[in-house]
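Shown next, in structure tokens, is the structure this report addresses.
We call the chains A, B, C and D, going by the order they appear; numbering starts again at 1 in every chain.
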Amino acid sequence: MRRIRTIVVHDVAMPIRTAEEYIDSLRNRDLKVYLFGERVAEPVDHPVIRPSINAMAETYRLAETDPDLASAQSADGGRVNRFLHIATSPDDLVAQNRMQRRLGQITGTCFQRCVGMDAVNSLYSVTYEVDQAHQTPYHERFRRFLSHVQTENLVVGGAMTDAKGDRSKGPRDQADPDLFTRIVERRDDGVVIRGAKMHQTGCVNSHWLIVMPTIRLGPGDEDYAIVAAIKVDNPGLTFIYGRQSGDTRAMEPGAADAGNAQYSGQEAIIVMDDVFVPNEHIFMRGETEFAAPLVERFTNYHRRSYVCKTGVGDVVIGAAACIADYNGVAKASHIKDKLVEMTHLNETIYGAGMAASHEAHQRPAGNYEPDAMLANVCKHNVTRFPYELGRLAQDLAGGLMATMPSHREFDSPETGPLLKKFLTVREGVPVEDRRRMLRLIENMTMGRNAVGYLTESTHGAGSPQAQRIQIGRAMDVAGKIDLAKRLAGIDSDDD
Amino acid sequence: MRRIRTIVVHDVAMPIRTAEEYIDSLRNRDLKVYLFGERVAEPVDHPVIRPSINAMAETYRLAETDPDLASAQSADGGRVNRFLHIATSPDDLVAQNRMQRRLGQITGTCFQRCVGMDAVNSLYSVTYEVDQAHQTPYHERFRRFLSHVQTENLVVGGAMTDAKGDRSKGPRDQADPDLFTRIVERRDDGVVIRGAKMHQTGCVNSHWLIVMPTIRLGPGDEDYAIVAAIKVDNPGLTFIYGRQSGDTRAMEPGAADAGNAQYSGQEAIIVMDDVFVPNEHIFMRGETEFAAPLVERFTNYHRRSYVCKTGVGDVVIGAAACIADYNGVAKASHIKDKLVEMTHLNETIYGAGMAASHEAHQRPAGNYEPDAMLANVCKHNVTRFPYELGRLAQDLAGGLMATMPSHREFDSPETGPLLKKFLTVREGVPVEDRRRMLRLIENMTMGRNAVGYLTESTHGAGSPQAQRIQIGRAMDVAGKIDLAKRLAGIDSDDD
Amino acid sequence: MRRIRTIVVHDVAMPIRTAEEYIDSLRNRDLKVYLFGERVAEPVDHPVIRPSINAMAETYRLAETDPDLASAQSADGGRVNRFLHIATSPDDLVAQNRMQRRLGQITGTCFQRCVGMDAVNSLYSVTYEVDQAHQTPYHERFRRFLSHVQTENLVVGGAMTDAKGDRSKGPRDQADPDLFTRIVERRDDGVVIRGAKMHQTGCVNSHWLIVMPTIRLGPGDEDYAIVAAIKVDNPGLTFIYGRQSGDTRAMEPGAADAGNAQYSGQEAIIVMDDVFVPNEHIFMRGETEFAAPLVERFTNYHRRSYVCKTGVGDVVIGAAACIADYNGVAKASHIKDKLVEMTHLNETIYGAGMAASHEAHQRPAGNYEPDAMLANVCKHNVTRFPYELGRLAQDLAGGLMATMPSHREFDSPETGPLLKKFLTVREGVPVEDRRRMLRLIENMTMGRNAVGYLTESTHGAGSPQAQRIQIGRAMDVAGKIDLAKRLAGIDSDDD
Amino acid sequence: MRRIRTIVVHDVAMPIRTAEEYIDSLRNRDLKVYLFGERVAEPVDHPVIRPSINAMAETYRLAETDPDLASAQSADGGRVNRFLHIATSPDDLVAQNRMQRRLGQITGTCFQRCVGMDAVNSLYSVTYEVDQAHQTPYHERFRRFLSHVQTENLVVGGAMTDAKGDRSKGPRDQADPDLFTRIVERRDDGVVIRGAKMHQTGCVNSHWLIVMPTIRLGPGDEDYAIVAAIKVDNPGLTFIYGRQSGDTRAMEPGAADAGNAQYSGQEAIIVMDDVFVPNEHIFMRGETEFAAPLVERFTNYHRRSYVCKTGVGDVVIGAAACIADYNGVAKASHIKDKLVEMTHLNETIYGAGMAASHEAHQRPAGNYEPDAMLANVCKHNVTRFPYELGRLAQDLAGGLMATMPSHREFDSPETGPLLKKFLTVREGVPVEDRRRMLRLIENMTMGRNAVGYLTESTHGAGSPQAQRIQIGRAMDVAGKIDLAKRLAGIDSDDD
């Protein structure tokens, strides 16, 4: 039953054209989603999950309202959602960044579709190169898959982060071999895989997942070198939904204390319990030496995708400016100066990300990839500056952000009038508006969307140290030493 | 009925000797406390409120278990809780800081009793000086009040922050004159006051509140120059309890996702609806020129009291170190280096706070007050460094901190075994412990106790700009210019 | 005599083709250059001045050795030095940045030719727009001038910064009206101007100077609204050369303690004592409303030109890495980590600068101008990060950088052998090389080229506050507030 | 001849009572001091060296003008210079810090007498404990020596830093065994030592040097475990004077561009060429296990001694404030804010240093030692904040600081009047004063005294990483983990 419906909705008939059709496409999939210890009957209607679906839906809506920004002409001729487009020029990559910033502004959180975009772009060149080396058929297969999801306009998630167990040990040295996703059975018509992917951003609201290895692999690790597309409603998948600070406010009537009632991110653990993948959806199988290039290329795309946080940062700055205005201090020099500092930091992130895209280079497969150094620098600033923006936003918000009573008090006959009297600020500002703006700042700096704005900024696309390692590799110490020796008048052959 | 019990417990018979007796002393007071839109029947038993009472209770427990640290010999001979003691030496102030750090370590949050300690210490000298100037009887009255609360071992809260309305206007220029607490009726036997105090840290769990003006006052502001002690169960008081990120986790069965299930802070808005205060509890009434000194002295004490956050910081550092150890990366150089940085920042706060206390000076009343410059410097670092410690703790925690499923999944027959399998880290670490430690970090960096560790660090005892103004006043630019001119060989009379 | 030679060299016959011809072109100009209280007979041969000429000469050499990088196809067909080229595409601006970084790497200091490049680019569009508004002939005149200097391949300096006197007052309110450069006589065939330009980077080694106003002007300020080209050997000009920390080391035999013996920056005060400028060299005269746009456009170009400091930063990083290697600690994790941090900061500057160029927009005159926000953000990071790179370089250098004996000791029979014995580090490193590398770091962080790397990074193209003002203007607070209101569910018409 | 005079001056007759007597005491010692490749006939009269002698002389002058601050009651009864006093209480250590800050304010540089103060204080307890362990006579010997220098009021330098060679190897693994100072001959009446001490702050202007080991030693390193007092005029010593940025400005007539013409630091390499030390001046000889405690205790004292830099910082702040005032912008909000930030950072250093002294603990020998954690934290902030103060001072100074012509121009008939005209700022400020103040800022941020304010702040008393290692050792990770586990509800016995 489920399968038939699914075929009707996703695979055959109607490509998704609107945000609403996208939301409808997620219904009735009978996913095994668990939240608060219970299986969720219909994720689309769950108040905690729905805001993350709404955020993803904006990627469809923007393609409707601003097609130049959020869709692209594919190589094969059709107009496709930009999240499904392979970048064939630096401008394509730059357009991704612009779209990401805009969606950050629209949702105030993570809209969850970048992982897939960056996964398909990196797989495009990697599959090509694997084929060149091994006469494998991955690239053609991958293009067919891509053409399908483009035509149907589906959401593809990229699943990379394994459970990893003891971080001081590799895949084969773990007590439990499943702590890194692996092939447990090789068949003529496909493989069976087992494992789990952590912190999966945007999965319950996706149509497909592409599973990829998470670290450098070597000889002997063949079972871990698996790249495969799996449909989200595959019965072998279990989704265990992650909690977020303040998540249950979405379940309170009216969600009036949610801060950002419409949008949120989504993170889940995906357990793959012996999932069969047919050959046509396998894009790497055992070519271990390509695991590291895949991870590295993916991060080249994805670390610069964190430009999205500058869109979220725009909201944080706007919220801070708004509350200062409400308080009647918008013109104080120290207030203005803090807004300038927030903007400076936010645009510094944007600069590095945009530069990474503009400075892209072409791969033999024909597509373009961002500059590695600048992409890493962009992301590394993302692991720092949003915390500083958050701190400054809290500074401008005032303590009330964290001490404000429940919205239910405002409707209470006993306490409502008292709050309206005593929370009044400058003339013309409804207390209700002040309350809402403070809840938004709370939401973004220590509530639900702080997960997306802060923690994900640290750990998404690799933790800070991962960027430092990449910067260290790319920094060309030897070349810089030569520059210095020349100016110091030192013969470079001395040592 | 209530009144009789209250008299028995607080006013006459039995001083509070233990943490348990303290908790009992709070029962049956018929306070008007509102939370989530409803009046709370018994705050002591409310799962959201109770952790804040537990935190305060530790101030009693520490006086039992470590009396040298948490009690003191009063001038009048008796042994009193240190929070009720007037500092008569720099060592007394230093001992406060030690006690504060220890209680921060014990509770991992704000234990809420410092405001009162700092209020009574600043009032001790201010009332003395008002009397010198105006032949008023405030100091003697205040000492009688103090002796009472010392003997009975009661919690005294200090209530300073007014509603303030339009921040660009003073008390008398507000559309509503009540936006700053004021005298609305002067009688022979006392005064009637009206207004509200915001962000009141520790009030529902206090026995007395001391109301104080919040800003510099001048001629014409006499009605706002009121200092008075009010019993917490005064029927004219309404307490509207503040929400916190993730507060309702305390209401979930077992509170297993609370992170720190035992302890939290407490913030409420206190509305004073025409509260009568008898003369014996009035410690300032109209002497406007003493409002600014009172505020400034209070901040001298209170800004250095933020040394408590180094105790909380110790917990944050410990949690970050623990989770790195669980992950098997405790010896990685970048992990070690981040722990060193966190410690360095934490101890930098401690250094300035301790120095402020050691460098105290004596007031004419005989008591000691911390150094103003160093107290402000201490607090100003508190408005910055905890955010950096929080960021680094999140870095070490890994993304799972913000994406971990509900504790209920761990008990579920469907998902529990999956989580136990895939969240395993290094050998010997129960998944349960990893879960708990991550929840603690979440609690302190973006959950309930982030209010105390981050937001309160910014706004408590005055927002960052308030410290900058005080540092600016104390920085002696003219003296420093003279030093520079002498070395530059410039005659100081030149200009 | 002088005049004749000058005509031969610059104005008629031979365009400058090589670095050597450039240096020759500077000889025998009879400039009034003062240094250490004396008139300099021939600046080209003065040991303190020569390194700045060498640095400028590299802009010619690079055009020879790497013409793609350092020259461009002009609109009129010829190949011209890129410093004289009008950017007609974003790629032209990006190419400027690449060239700037390369020259920073080659010289380790300021090579001084950017001010002129940025001046001609901003004048190109401003003169066009003045003409549109006032039917003036400036744009055509300017293009003729430009064609001349392109053909002859001359160095053009841009002179903007006035003396400014009391910073709290405007040009007409100064006690001395000459504190801002002004027209003192208007004639049919031209104007006579008087004033001084401060901190003139690259002037004694230029062929032409373009004088421009330094601030926003208004009605009544017509005399100050003057843009004019003046030949450097105009007899009305006096150049008073600026000192630099450690400048006289260049005068010590062998300049062996200079650190960077070949290259330095150059800053002088230029006094214009009633200089006559013929009409053909006047590009603005009294159109006060265009002063502000000129200044702002110039800063849009020039603030992003500070990408040059990333080339200098490459040298600083290389020197720090080299000395760590000499000391035998190149592999220590904290050393590696500091090099990564230096690189991260350096590339963050680069990212914002490159993004500003890539994100250029076209002016009605047809040329391209960098993005204002990103250009300001680039420069603002330049006012911060080089100091941090300098600090880290000093950290890695070790104390010997600032305590090393004179190079003359190393040749001394008494002390030379002792130093060779005791300054030995790891095997294979000549003590001589260690000495030279340490002197280079000293040169760049507290010696002569620290002026270019640090102080000029702060003040060139406007002090930090100038960038903050521009960022504040461009940050679109209202738009960001609207984003926040939408997410908070606030009706924007509320207030 | 020399020896006789020396005996007369130092050893027998007249204790030094004044700054002038101190300077006289340095004459005619026939030291082997080399500077710029030549032996210096009389260091006292050398213009480059004299400012460092003047700085040291202020330690004598302050003892005259403010004996409470700069002298102390010794245990044996006499009044001694505080730099020679053994701290027998926390207050003694605090008084050191106060004196250090004051001398930093007076000299604007390093006054060079702290190393000896901290050396004698650490040796006091270490010699005591060596004797307890080995029945050696060091403590008594040391006290006799101390009594002598106290009575005669002599300057004692502490010489710790060895040449160290390849930093990846220990003393015995170096190609040249002399790269760490060592005993080359053991005799009944003493030892002969050989080696060199680097970066010796204050040596040519001292009377005695105490040589100490520089790192942890172990069995087999006995020859390197030597502590001994050597007279500065010992014929076996050679002093090779270190250069500083801008040092030769002191040799220009009038030293008018020196910035701080009166005072500077002093650093030299001391080569010990088989120096015989009699037993009475040997305070450790082969007790290797006490090398590490000696180094660590010395750094406990010395890292907190860097509070002196807050006195220098006061001058930097004053100079920045003065130049802003000259420019007419003293009241601009961003200027005020930068001065506040500078003060905040400066006082943060002071706080940690003072706290380290206040929180001292007593050693078995009876003397007091600062708190190790806080001392390291103090110094670690010193490695960061002065660079930020320097950056902000340069910001306020304006570019002229680094582009100002030579003082000789100001006296020139050609250029002097031009400079007086164009460098005029606000009314009432002589151009001469502006020039002097800018030279002072140059001196402290990139000139001669930047060595003391910046580089020495990084490397003196151990480089930044040395503090991080000590903080890492003292940070009690295990204890902090226990705090976190308790709050997370984790049984500590789990792992």
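Here is the rule we use: a residue touches a chain if its C-beta (ideal position, glycine included) is under 8 Å from a C-beta of that chain, and two chains touch if they have at least 3 such contacts.
Because the structure is predicted, anything quoted here is derived from the model rather than measured.
> Could you pull out the chain whose C-alpha mean position is farthest off from that of subunit B?
The most distant chain relative to subunit B turns out to be C.
> A-C versus B-C: which interface comes out with more C-beta contact pairs?
Contact tally favours A-C.
> Quick one: report the Å distance separating subunit A from subunit C, using the average Cα coordinate of each chain.
41
> When the centre of a chain is set as the mean of its C-alpha atoms, what distance in Å lies between subunit B and subunit C?
Computed value for the inter-centroid distance: 53 Å.
> Touching two or more other chains, which residues of subunit D qualify?
Within subunit D, residues 334, 337, 468 contact more than one other chain.
> Which bits of subunit A are touching subunit C when the two form their complex?
94, 105-108, 259-263, 314-319, 321-322, 325, 336-337, 339-340, 343-344, 347-348, 350-356, 358-359, 373-374, 377-378, 380-381, 428-430, 433, 436-437, 439-440, 468, 471-472, 475, 477, 479-485, 487-490, 494-495
> Mind listing the subunit C positions that touch subunit B in their complex?
Touch list, subunit C to subunit B: 333-334, 337.
> State the interface residues of subunit D toward subunit C in the complex, per the touch definition above.
Touching subunit C from subunit D are residues 34-39, 161, 163, 165-169, 175-176, 178-179, 196, 198-199, 238, 240-246, 248-249, 257, 267-269, 271, 327-329, 334, 383-384, 387-388, 390-391, 394-395, 398-406, 408-409, 411-412, 414-415, 418-419, 421-427, 442, 446-447, 450-451, 454-456, 458-460, 463-465, 468.
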